[in-house]
Amino acid sequence: MLLDASHSQLVLVDYQQRLMPAIFDGEAVLANAVRLGRMARLAEVPVWGTEENPSRLGENLPDVRTLCQRTLSKMHFSAMQEGLADWLRPPAKAPQGNARSLPKHLQKPKQPAEERNIIVIAGCEAHVCLLQTALELLEDEFEVYVVTDACGSRTERNRDAAFDRLAGAGAELVTTEMVGFEWVRSAEHPKFRDVLALIR
Amino acid sequence: MLLDASHSQLVLVDYQQRLMPAIFDGEAVLANAVRLGRMARLAEVPVWGTEENPSRLGENLPDVRTLCQRTLSKMHFSAMQEGLADWLRPPAKAPQGNARSLPKHLQKPKQPAEERNIIVIAGCEAHVCLLQTALELLEDEFEVYVVTDACGSRTERNRDAAFDRLAGAGAELVTTEMVGFEWVRSAEHPKFRDVLALIR
Amino acid sequence: MLLDASHSQLVLVDYQQRLMPAIFDGEAVLANAVRLGRMARLAEVPVWGTEENPSRLGENLPDVRTLCQRTLSKMHFSAMQEGLADWLRPPAKAPQGNARSLPKHLQKPKQPAEERNIIVIAGCEAHVCLLQTALELLEDEFEVYVVTDACGSRTERNRDAAFDRLAGAGAELVTTEMVGFEWVRSAEHPKFRDVLALIR
Amino acid sequence: MLLDASHSQLVLVDYQQRLMPAIFDGEAVLANAVRLGRMARLAEVPVWGTEENPSRLGENLPDVRTLCQRTLSKMHFSAMQEGLADWLRPPAKAPQGNARSLPKHLQKPKQPAEERNIIVIAGCEAHVCLLQTALELLEDEFEVYVVTDACGSRTERNRDAAFDRLAGAGAELVTTEMVGFEWVRSAEHPKFRDVLALIR
């Protein structure tokens, strides 16, 4: 039940230029998103971004965008409707060389995709794009950890209602610090000091 | 787990003239009920109303009443005791014409009622008529989504106790905005701008 | 899941003279206990009381005591350790008359005790005597409804921790008004006006 | 579901000299930890301590340290990674004397370790070392009771998020007073007056 860095991926949802100023407690939300991205880098966890209708809402803020290896542009509120699952579960590579000519029952099974089934996710608005993406990740059998102090909505009530609904649907609710300390696990981890510096 | 407009129906419970002035935060509750009704119309979701003992408590307020295709008058606190289920699950139509004379095993099965098993519900008082109706909807195997920011009681404590109990009984707690954005799902939905206009 | 008066019993735990003045929000707690007792009488629901170590803490306050058909004196915090279950599930009556001389397979089964398996319970302190009694009622397979606004502890935090724990253990959390309106169910119930008068 | 002293052990996590001053509401947290330790002594419940990286964070505060029969020094945030389970489930003793020479099917089964499978746990930070230890205790099939009013983090939000996550994972959330009154169960318990004196 503790987060394991080697099976985790981080998804940062819609920290966009024309959306963030309207978010309740938006500065703290953004600061935690950036912390999460930096901790992911330290723990060698892949980081993905999404942007809703960027021609209207602007790109993700630069501090977030530069931490993401790729950013998905979308019109649906749920990034799962626009291919996010393909990024999180890359298809197995086809067998190469002579193996292809072997009879099927002698071929090795397809190389499984690297297993990073734990999705640590945060974003805005908590009750729209973050919620819809996270609920569809759960339906697709990912293990979903929502980082509540890096999520925001325009109103507190909508934000908190999203957290309650996500918890009821099986998501684990965590905080930025929990994520950092579970990815390193020990004061002897080589990156422990760096994680600590991000938090305090 | 996301709301699907094509399987939804909206039930608006007891927004009545002589009750609403006593409801905690009643104006906001009423405004959200009206938003819900208008979003339902945009998303082609059927809208039903109920009124408790209208000769004493008055009719539903006009803004709500005009949005409902029918309004059920009742004396029981639970509308399920007075026929609401028949409105939500209309009986299958009897087979017509020659089919009636066919031997039974050759007849087509009765035409199933249109399946709209998701009931989005809100109303007053949250801990009496809304609660009793919603709990009986759950017992009757509807999927029940309670729109918390469109529900009210005279006191906050009774209202919140109703939400906790409903969640424990299997209802999903949502907000008006969640409903709107799940019924349209995408910024490219033809009614997205209209829904957005209702909310912001 | 709604309360049914014909299967309910009410248990009022430790509203004692030397305890109540120390209870957080104690006057409102007591007022709701009295309301519950009166509503139980109107709905023909049996009412039982308990008192912890009455030689030190005093008897239940008179307004509560007179509503209870019997009051159990105890030293254990849980009334279940001192025979409460026997009051709630009276033993079946032995068969009378000639029946006793019939061979066993011809005797009628013992008359089952009247089935009132729903225990509506409230009291003080919420996190000690109320909690311990309610948890043991659950273990004994009663259906337990805790009336939160008629329960109190010396501190809010202990009180609320009791409610969370009870909910997690399978108790239903309700309020005084919920109980009243579920016991009558309809504005046409002959005691509806009396219940309403107790509440408003 | 009530705590049973004869099956309980108490674990006090990281009440350290250079950590406690930074803890939200730290004085009350510490006072409850000391109360818990003293109640454990009265109820003959074993008490264990842990310290995270004591060369940097200092030892546990003396009031806590002297109540623990042993204190585990660790670098991992979870004490379960450093042998706590061996203290909580001591290995069965090997059979002694002649028995060893008996044929196997005549030997008595190994003496089972004393069964104290209920772990009452509290500590700091609630969302790091306490959380990680408690979640791993749950995975190892201990029954875990987290004493919330004896736990702390630097921020309230992290602390409360830890409690929610622990409850979701199957831990029971309790308070210091609940523990004391469940370990003694009755006003006639020989240590009841002593427990009462610790609380009031």
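Order of writing sets the chain letters: A, B, C and D. Residues in each chain are counted from 1.
One rule holds for everything that comes next: a contact is a pair of C-beta atoms (placed from the backbone, for glycine too) under 8 Å apart; a residue touches a chain by one contact, two chains touch by 3 or more.
The UniProt protein names, listed by chain, are A, B, C, D = Isochorismatase family protein.
Predicted model, so just to flag it, every value in this text is computed and none were measured.
Participant: Does the chain C and chain D pair touch with the same residues on each side or with different residues, judged by whether over half of the numbers are shared?
Facilitator: different
Participant: Name the chain whose C-alpha centroid is most distant from the C-alpha centroid of chain A.
Facilitator: Most distant chain from chain A: C.
Participant: Can you compute the centre-to-centre distance for chain A and chain C, using the mean CA position of each chain? Integer Å is fine.
Facilitator: About 49 Å, centre to centre.
Participant: Counting in whole Å, what is the centre-to-centre distance of chain B and chain C, each centre being its mean C-alpha position?
Facilitator: So the centroids are 34 Å from each other.
Participant: Specify, in ascending order, the residues of chain B that touch 2 or more different other chains.
Facilitator: Counting only residues that touch two or more other chains, chain B contributes none.
Participant: Among line, ring, star, complete and other, which one matches the pattern of chain touches?
Facilitator: Graph shape, chains as nodes and touching pairs as edges: a ring.
Participant: What does chain C use to touch chain D in their complex?
Facilitator: 52-53, 56, 75-78, 81, 127-128, 131-132, 135-136, 138-139, 157-158, 161-162, 164-165, 168-169
Participant: Give every residue of chain D touching chain C within the complex, in rising order.
Facilitator: 1-2, 148-149, 167, 172-175, 177-178, 181-182, 185-188
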